[in-house]
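Both complexes below contain chain A, partnered by chain B and then by chain C.
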Partner chain A sequence: MKTMIRIYTVLVYVFLYLPIAVMILFSFNSINSTGVFGGFSLRWYRELFRDSETLNALKNSIIMAVLSSLIATVVGTAAAVGIDKMRSRWLKSVTLTVTNIPMVNPEIVTGVSMMLLFVFASRLVRISGVLGFWTLLIAHVTFNLPYVILSVLPKLRQIDPHLQEAAQDLGCPPLKSFFLAVFPTIVPGVLTGAIMAFTLSLDDFVISYFTNGPEFQTLPIRIFSMTKKRVTPDIYSLSTMLFAAILLLLIIINVLQAQSEKQQSKKKYY
Partner chain B sequence: MTGSESCIISLRGITKYYNGEAVLRGINLDIHDKEFITLLGPSGCGKTTTLRIIGGFVTPDEGDVYFNGKRVNDVPPYKRPVNTVFQKYALFPHLNVYDNIAFGPRLRKMPESEISRRVKEMLELVNLRGFERRSVNLLSGGQQQRVAIARALINDPKVLLLDEPLGALDLKLRKDMQVELKRIQQQMSITFIYVTHDQEEALSMSDTVVVMDMGEIQQIGTPEEIYNEPVNAFVADFIGESNILDGIMVDDLDVVMFGRHFKCLDKGFAKNEPVDVVVRPEDIDIVSVEEGMLSGVVTNVTFKGLHYEIIIDIEGFKWMVQTTDYWPVAAVVGIKIDPDAIHVMKKSKYSGAFGDYSSFSDEHEKLSEPDAKPEQPPAEEEIVD
Partner chain C sequence: MNKSSIGARLAAAPYLVWSVLFVVAPLLMVVYYAFTDDSGNFTFLNFAQLGSYSDVFVRSIWFSLIATVVCLVLAYPVAYLIAMRHERTQRVLVMLIMLPMWMNFLLRTYSWMAILEDTGVINSILSKLGLSPVHMINTPGAVILGMVYNYLPYMILPIYSVLAKLERSMIEAAQDLGANRWQVFTRIILPHSMPGIASGLTMVFVPSVSTFYISQKLGGGKFDLIGDTIERQFQTSYNYHLGAAISFVLMVLILVCMAALNKFAADDEGGLLI
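Presenting the complex of A and B:
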């Protein structure tokens, strides 16, 4: 029985990671082939960095990820504070449901509906060709928001509801009280939310595909358009780098969460 | 109307509604300098709300709050010269003991060298010498309590507000902290406004006790006044044990209960005015039937350590008597009540709500019920299984 479970587990991981492993392997191929490994080289990485269009997409992706995660973090944290302060339980649960829906909504539906909204709105104000940087930014902030809210809210629930009042009581104006007394204690949640938003923005394809314009392409879109022409190993190297970046971010999120959990359990013991 | 000039804080006609329901109704209260004043009342009577109105966290719907004769209704909490010890302490979890206590002085830009000296002073005051670098998350409840007090007192408030500060502590620690809080109040010589629903705590610590119920102040007075001269049946019942009887004040110094005349020290009532009469259980003597003013049968005896609690049925009214003498159940006895043991009160909306101790044995049975459970036959589902 034990060995069965082990074999099963190994199989699951093989299925999960074999494609990625093969892709990573072939990204280091020295020849242009998808079937034969001709030896280790960085040829396709070098080629990639010579391709100005790819570099541009990389830059765009990073700009988009940084901006959208920043905005989503600020707006989402404020929203979480607002939701946490709601007195009516009914209103609170309605708000939370509304927040959750975009997360389970099929991406393609979100993407198409956003595109429709942008095009419709631009017709109203008689501007053409709105799809581009700004629409992409709005879309990314929108799908990032729930993740930020949902990682900040639990932190707010854990803290003493009177912390902000305590700071005010000691002579601190309300807004400053929030930053001195409440914010430091929810930082782990805010950081987790920010990195999650950054990751989601970096690897989003479907929604970006519908809301971006020709002059502002992100990496996933660039990869997709490359595959339309001809699949060359430089696509593998690009995908490998994207995978590595996102893996790193996920590790950071996990470490952050583990740390704040440790703090939490420490509190309980004493 | 303005607040009296001699008072450090005055509340005038404070009314507060939550969801259309009045939780405070016309509260009038004067708080004097260096006074230890306690708001006492059952859960939900509006103690916390009153305290939060003084702290500035709740705005009254009607009425005014005065500090030293100045109206402060619209002054935000961070500009009020009072500090609060919150019920669950509300210490800042990301700061250590030192930084928690230094929070207020730092906001006021006090030089760090002076802050350091003051923090040390405060830690000494609350008996936490050497705790500066400890994390507040790793302190015991009693220690967190002390940090919260130090964090408030370092700001030199004229008034300290404390909302059930000892509520989360165990009995032994509570007693110690009661003594210590009183010492701190006298040492700092400032005003304490203290909230509790524990009448013993209120009586033993306060200069003035404010008894509240259903959003109204029932009585304001010294602990002795509150205990010996309750104004109505609610106060008499809430503070200590009491036998509350129906009486008729036939004349000054003469009240009739059970158709018999009793001498008392109360006067100023209308002739033949119906009244409530309070007799404290410890003020009643059990004597022989011949010597007694009234006589009845002992129905219940409980040993309480210092005394026996004896329930005597006298013409259907169950009296509670506390005495060091033992009397067996079913003994026929008389009781004697001295004139100064009788306290006469005007009738109020609480008349009749509290009375004798006929529910005494019922309460007793209810308490012991959980123990009796295992002997009950198993529930139906268990049999089916």
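Presenting the complex of A and C:
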């Protein structure tokens, strides 16, 4: 039984990595095909660096991910603090329900609903072609916010509510007491939220597809328009490099985590 | 009331304003567009047109149900195996489940197209081996495979996190009391994994039933799903009112499914007490 589950699990992992392995292999293809492997070459990596439109889309994606995750982290952390302190149960549960909406609604409905709002608003003020950088930024901040709030809230619940009061009794002003007494404890939650927001924004296609405009293309949008026709393997070389970057990042995070755990367990002994 | 609590409550104000403007108002827009015509008059006509899309709705629900069940069957043993490992191994195995999700979803789907095509990876290997080619792309199976592949991690992760929290002592206690393996599984492990299964089911079903890219690439546009129909109204035929009506029905459908599932999961826990 145990070996059967083991074989089964290995097969599931193979299934998960099969298309990625194919993508990596064909990024090194010497011929223009995503089905037949002609031999090893770096041709498609060279092509990629000549494709200014794709590189520009990558730049746009990074700008969008940085901006939207920054805004969402600031607004979301403040929101979590406020929600945590809310006295009215009714207001709290309504706020949390609204926070959940972008997470449970299908992405396509979120995207379409925002598009309708932008189209409706632009008709009211009689401006055409509002869809672009700003609408995309609003959309990205909106779907990032719940993830920030929901990763900060649990950290806030762990804090002793008297801590900040004590700091204030000793004469520390409210904002300063927040940054000295509360903030250090919630930093891990804030960071997790920020990283999640960054990656979600970087990877989002569906919502961006309905809220972007022609002058500001992100990478997923660019990939979508490329896959409408037959693609050349250069898009594979881009994704292979992205995959390598993500893998490296995850390994670094994991090693750092393991190290800090080791140090903590050492502290316990002394 | 001291100063800090007023300040703290004001901290949520920007977010509340933002949510009203960009979460609540857009949903009201969907309702508004769904119930009006081009000149802004109230109408039921958009919903009356939905009758001709009934086959699309049935197909979407059917395909996603199959994909969800296949995901559950694939995911459960994997989640169980991961949860029974050492903590460090668990972390690596979970990371390996999450890693493919970081690859762009469009590219992963496109890669499956390159694998399944008539001149694709599988068929070129088959022809090298002297076997006759198999037609796989643009079939319902290919679309369902795309759904299963893309959303499988959403089933594995919630089940895993519930199983990882399960107290080993409970299993041991059951064994000490003479339960055999099957009894331990059906009486202890399975009932406790219900919340994870329930959230996995919604996390796979919701994106599957509303997808549009997977069906276009792996179904060759032959199997229109709800998502395809919505996308077309907004991006090619510019019939926002009909698109809004379909989105509205999709939302209601999902809410009903989730309510039913929640009730099912709750009933199960209630049953445990008795």
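The rule we apply is simple: the second predicted complex is superposed on the first by the 237 of 270 C-alpha atoms of A that agree within 3 Å, B and C clash if a C-alpha of one lies under 4 Å from a C-alpha of the other, contacts with A are read in each partner's own complex, and residues count from 1 in each chain.
By our rule, a contact is a pair of C-beta atoms (placed from the backbone, for glycine too) under 8 Å apart; a residue touches a chain by one contact, two chains touch by 3 or more.
These figures come from a predicted structure and were not determined experimentally.
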item	value
First (chain B), second (chain C), both or neither touched by A:T185	first
Which of chain B and chain C A:A244 touches, first, second, both or neither	neither
Partner chain in contact with A:A166 - chain B first, chain C second, else both or neither	first
Chain A: partner with more touched residues, chain B or chain C	C
Chain B versus chain C as contact partner of A:I83, first or second or both or neither	second
Which superposed partner A:L42 touches (first chain B, second chain C, both, neither)	neither
Intersection of chain A interface sets (partners chain B, chain C)	165, 168, 174, 177
Contacting residues of chain B [partner chain A, same complex]	55, 57, 76-79, 83-84, 86-94, 103-104, 107-108, 137-140, 151-152, 155
Chain A contact footprint on chain C (complex, rising order)	2-5, 7-16, 18-19, 22-27, 29-30, 32-33, 74-75, 77-78, 80-82, 88, 91-92, 95-97, 99-100, 102-108, 110-112, 114-115, 117, 119-121, 123-124, 149, 152-153, 181, 202, 206-207, 209-210, 212-213, 217, 227, 230-231, 234-235, 240, 243-244, 247, 250-251, 254, 258
Touch list for chain A against partner chain C, complex	1, 5-6, 8-9, 12-13, 15-20, 22-23, 26, 34-36, 75-76, 78-79, 81-87, 95, 98-99, 101-102, 104-110, 112-117, 119-120, 138-139, 141-142, 145, 149, 164-165, 168, 174-175, 177-178, 199, 203, 205, 209-210, 219-220, 223-224, 227, 231, 235-236, 239, 242-243, 246-247, 250, 254, 258
Touching residues on chain A, where the partner in the complex is chain B	159-160, 162-163, 165-174, 177, 180-181, 184-185, 263, 266-267, 270
